[in-house]
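Labels for the chains are A, B, C and D, by order of writing; each one numbers its residues from 1.
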């Protein structure tokens, strides 16, 4: 535990830095959206403003990151040999056990928070020599939380605007702002078509056969991007789940606006609606989860980390004990979870502590995860994401690959302590299905952006799977690395599309490597990264394997899956599916790369007009390529992983045996570590397999892909139709809804309308009677009064002479008279 | 001031007041009427200050009379403006001619 | 009793001269005679001197000699000769005139102009009526002068006079606004309406003169001076008697002594406003040479004779300052051409009023700005150091434990001193 | 001495007022009004209200009356034009005026003011829960600050700014030893800051309104045009 002074000092500094980084894009948005109306449509000022805002945000985030690392006293370059890490694990475990013994006597529930505090202090004593594991066991050592503003208080229920800053937050901030900055810069070039008073949209045809014309919307694009950055950073900075929900919806709105940026295109507006509506489905689950939490906990805050008041409030501290376990009582349906901070709302009769039924905790977790399903395009709500590629490519890069869709993963990671093993299993299987479905569709997709979109779905599935099987670090690690290389690839595809004059079909490309070398080779970096390729059997001491970022994170995921399936043989699907899919991933990514950049030009027209993008677009590519290569350097012992690891919930590191109702075995760090090497080797092997296959198919052209398609016509068609999800939903939901709507309309017409017509007729009849009454009685009465008033006035007008002097006389005379009257009658 | 009591001042103010009222009542010239008003206000003022000196009114009487003076000046300005406007329209300042609104 | 009245001075005089073996009534008579004589001399002298000076200066400015014959080489006694001539003239009243007002108007003018001197301190304590509202009353009395002018213009029964009177009325009503505001500026700086206190504050060196207290007071003095020119009907604002247009303006129909009354009043009020300007802005009766001032002050506090010395010397200083200002007024009259009446009104309403308002605001804000920037309310040393608040007879003593360390209480703290006064009043009872 | 002065001023004020009533010429009325108002100012000085007197002189005599004469000049159709009233009206008004005067004067003279004052003081004492009021001793202390009369400027100024030295502080210190700290017994009065501000705004409004009313309207003469 840090001292309160240090806590508040560093916490405030971080809060100001990140809040500034968070609010700057909002400022930019306001200026752009209002200033844009009056500014010149050909001005690039909005773009510079947006870049300035988000760039400043990046610098602030960078400062915050350094500050945080400094405050956490973290040795990021923790490149020990692998044994020492394992030893550290055991040491930490031993220390943990010792402390358990120390406190077992006084560990009753009445003064639990107190015990919690002592616990933290004890860990602090032994913390420094133990390496990063001590941080992991000391749950909130380097987390800062606080409240911006209290929105309202209803009894014991509190709604506040909070902030919560830990290693994950600062890492996400740095990642989001860096990628957003690059994409903003890229978009200056990409969206330069819009810098006109008369933009011709080639995809919208007017009735006379021409194209639709409108004014350019350059400023609006950047305003939306800024708003998105604001929302995304707010989501990351949020200190309670309700606030997360607010920004969750806000990013949804931004996504809607950006997908529907070319609103005149039917496809774009439909895709925007689809994205929005499908997200609502997931958010419904989110709302249910929120209601459960609200009803049983009464707080939304993640955790209270102030060393003076630690443990007094916060969801995590209420659910988990100090060593990260759930404290349960009862069995079966009677099973309840005892809340730790004595803050909850419901108490059992015989139980001094507030409790929450176990199944409700599961339901809450599933609900929240439902939101994540929608936002992260997981099965079964994945179909909106490919359609979302209707938006401009920078949007796809920023919103629909790197940041917003990763928010679901982020939330699962952030909310991890609230998830019971049952929920984790659901998460794992959802991710497993998603990654396979996405990868298979990507194999047959021909639209360059669609390939990337399905790849995104697949990779998000990987992350979910990792989180579900207990590889917390692996999932979030992959989140960051994926953000870099996927945004890189999207920007590359944007560059290709820009260079080919908005041609997106890979079947019309080919051989572009000569025309656009920078794009080609930066894309290659991304492809290698996502495929998880590495140079086998060679490793630089201290730095691990020679590989790009994707290798390290995917390696970690596969290792987690492997460990999990070895501990739970019944769930071995959770290892083999991602393993196979790793190969598929390599295959389709290289397929895309070869189809686009190599081989013979398939469409000479496109090829002739293709050109390398301007420097403003290639520079971000190079920056992102650099990060895609090196951001995960050192693997799980590297700085990025270490940074994220500080946030890892306590119970994850140790794992759990026979957890939950279903007896799930969750792997701990040391178990995953045992499988790490073998998992890496297997994954690499599979990835090479996929790569070689792709090279044979599309690089060398040995196999005739057309023939293959014919041969596997059924499967191919099934995959082309995206596993028939859209058709399925059409039949399952849309058609029935329409039928019900038809019935409802008929009911309206036949029953309700007639009833209303009858009512209206009644009213008309009553009012006609009323009118007669009015005319006969009320009017006459009023007229009589008016006549009377008027006649009185006529007779009185002679008194009012209008002569000033007479009035004065009146006054004087009346005063005298009044006085005499009073004088005569007043008792003396 | 030994021999002069409150009554004396009140008597003077009564004279001023009555003169003002009579002035208002007899003068046909609008400006004469205004002068009557000033006299009335001065009578009241004298009362206020006299009570402030002799009574328990304290400083309040003086403050009140200050306000009365200031507001009387404002009144005079506004009334003069009205008289001028009246003169512009009727070419006279005889208040008996101001019968436009007579019932 | 009441310090305002002539009675007070007589009673005080009787009190102070208790050794004088006189009963009350003869004493009062004597006092009245002496006062009247003094006043007559005092009113007459400056007017006579300035009328002569005006003619001499005009002559010099117009490259003439001016009066040279009467009373020696410089025409010393020219004014006396004029006066003798005017007294001898027949007192005429036109047929068309409203005779009563026609005859009364000059008296109103003269009384108003000369009554204002009652409130003018010529030196430390050398003032007929010392009261807190002194400056206010002085201005009020001075403003009565215009009534006489207007009545004269009206009662003459001549259109020239009527025009002159109307112009004067319009001009005065307008110019009283900037006059009031510019006069209030030094009042705000000094924190008192008492002319004696305002003068006493400015001892100890030229930097303590209120004109140098801030840039705004510096500018305010010039606005004040311009406005006083107009309120005295001096050129270039002498529209009421514009000879070239209105024959003689309001005094067209006057002759003899009544005519000369207008001029006596004009020169008296010229002197009065100049002295007022000197007291308000130019350090009053102080030399502006700090060793001399301090010596005078310390002598005055230590001995009766020193007190007398301060009064006499201070009065001379004030006279000199006022005379210089009068000279400038004369100089301006013979230098600048007369404005048109619309120009006169425009000058006032469009320029002088906004300017004076701005200067007033500036002068109010200036000490606050200084207090926040350099930590004291004046760019010079705090004014209150130089002189404790003057002790008026009637004001209760400020108890020493309240004042104590606060002898350095500066002018800005005069509000605090009010608190102490209020407190000690209660204690005394 | 002051009695003599009072007589002079009272006679001048009353006589001036009467002359205003009796004279027919408007400018003469204005002149007599000046005499009357100046005498009232003198009465103010006698009453120790120097600031009020000065204000009376400056505003009434210097401002209002000049405005009146100005108005007369602008509106009089001919030299010395008079608008005569009906003799019957004058008689009527005279009778009523006399009755009014008799009424007011008899009231003034018949009321025992000092006894009323004492009664009022007692009533105040009871109302203020026995707080010792300075008016409770009518012989020794009467009215406002009599021995220091004539210097009301500071008190008035502070009262208009919202601070009442004459009331708050003197009452406080009257309580005895703990002067300056006893705010418990009574509340510090707010003075006249708000009325002062209201009057200021009122004056401004009146000025604007007057300027609007009196502005020179160009008469549209259809026949000549």
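FYI, contacts are C-beta pairs under 8 Å (C-beta built on N, C-alpha and C of every residue); 3 or more make two chains touch, one makes a residue touch a chain.
Protein identities per chain, from UniProt: A = NADH-quinone oxidoreductase subunit L; B = NADH-quinone oxidoreductase subunit K; C = NADH-quinone oxidoreductase subunit H; D = NADH-quinone oxidoreductase subunit J.
Treat the numbers as computed from the prediction; the structure is a model and nothing was measured.
With B-D and A-D as the two chain pairs, more C-beta contacts join B-D. Seen from the C-alpha centroid of subunit B, the farthest chain centroid is that of A.
Rounded to a whole number, the gap between the C-alpha centres of subunit B and subunit C is 32 angstrom.
We define each chain's centre as the mean of its Cα atoms; on that basis subunit B and subunit D are separated by 9 Å.
Taking the mean of the C-alpha atoms as each chain's centre, subunit A and subunit C sit 81 Å apart. Between subunit A and subunit D, the centres computed from C-alpha atoms are 76 Å apart. Along subunit A, residues 805, 809, 812 each make contact with two or more other chains. In subunit C, 1 are the positions where the chain touches two or more neighbouring chains simultaneously. Residue positions of subunit B touching 2 or more other chains: 1, 21, 25-28, 36.
Counting only pairs that meet the touch rule, the chains in contact are A-B, A-D, B-D, C-D. Of all residues in subunit A, only 805, 809, 812-813, 815-816, 819 touch subunit D in the complex they form. The residues of subunit C lying in touch with subunit D in their complex are 1-5, 7, 10-11, 96, 98, 100-101, 104, 131-133, 136-137, 139-141, 143-144, 146-147, 150-151, 154-155, 157, 162, 165-166, 169-170, 172-173, 176, 193-194, 392, 394-395, 418-419, 421-423, 425-427, 429. Of all residues in subunit D, only 1-2, 5, 25, 27-28, 31, 34, 38, 45-46, 48, 50-51, 53-55, 57-58, 61-63, 65-67, 69-70, 72-74, 79-80, 147-154, 158, 165-166, 169-174, 179-180 touch subunit C in the complex they form. Those residues of subunit B whose C-beta lies close enough to touch subunit A in the complex are 21, 24-28, 33, 36, 95-96, 98-103. By the touch rule above, subunit D contacts subunit B in their complex via residues 2-3, 6, 10, 13-14, 17-18, 20-21, 26, 29-30, 33, 36-37, 40, 43-44, 46-49, 51-52, 55-56, 59-60, 63-64, 67-68, 70-72, 74-75, 77, 82-85, 89-90, 93-94, 96-97, 100-101, 104-105, 108-109, 113, 117, 120-121, 124, 133, 135, 142-144, 146, 149, 152, 155-156, 159-160, 164, 166-167, 192, 195, 199, 202-203, 206-207, 209-214, 217, 219.
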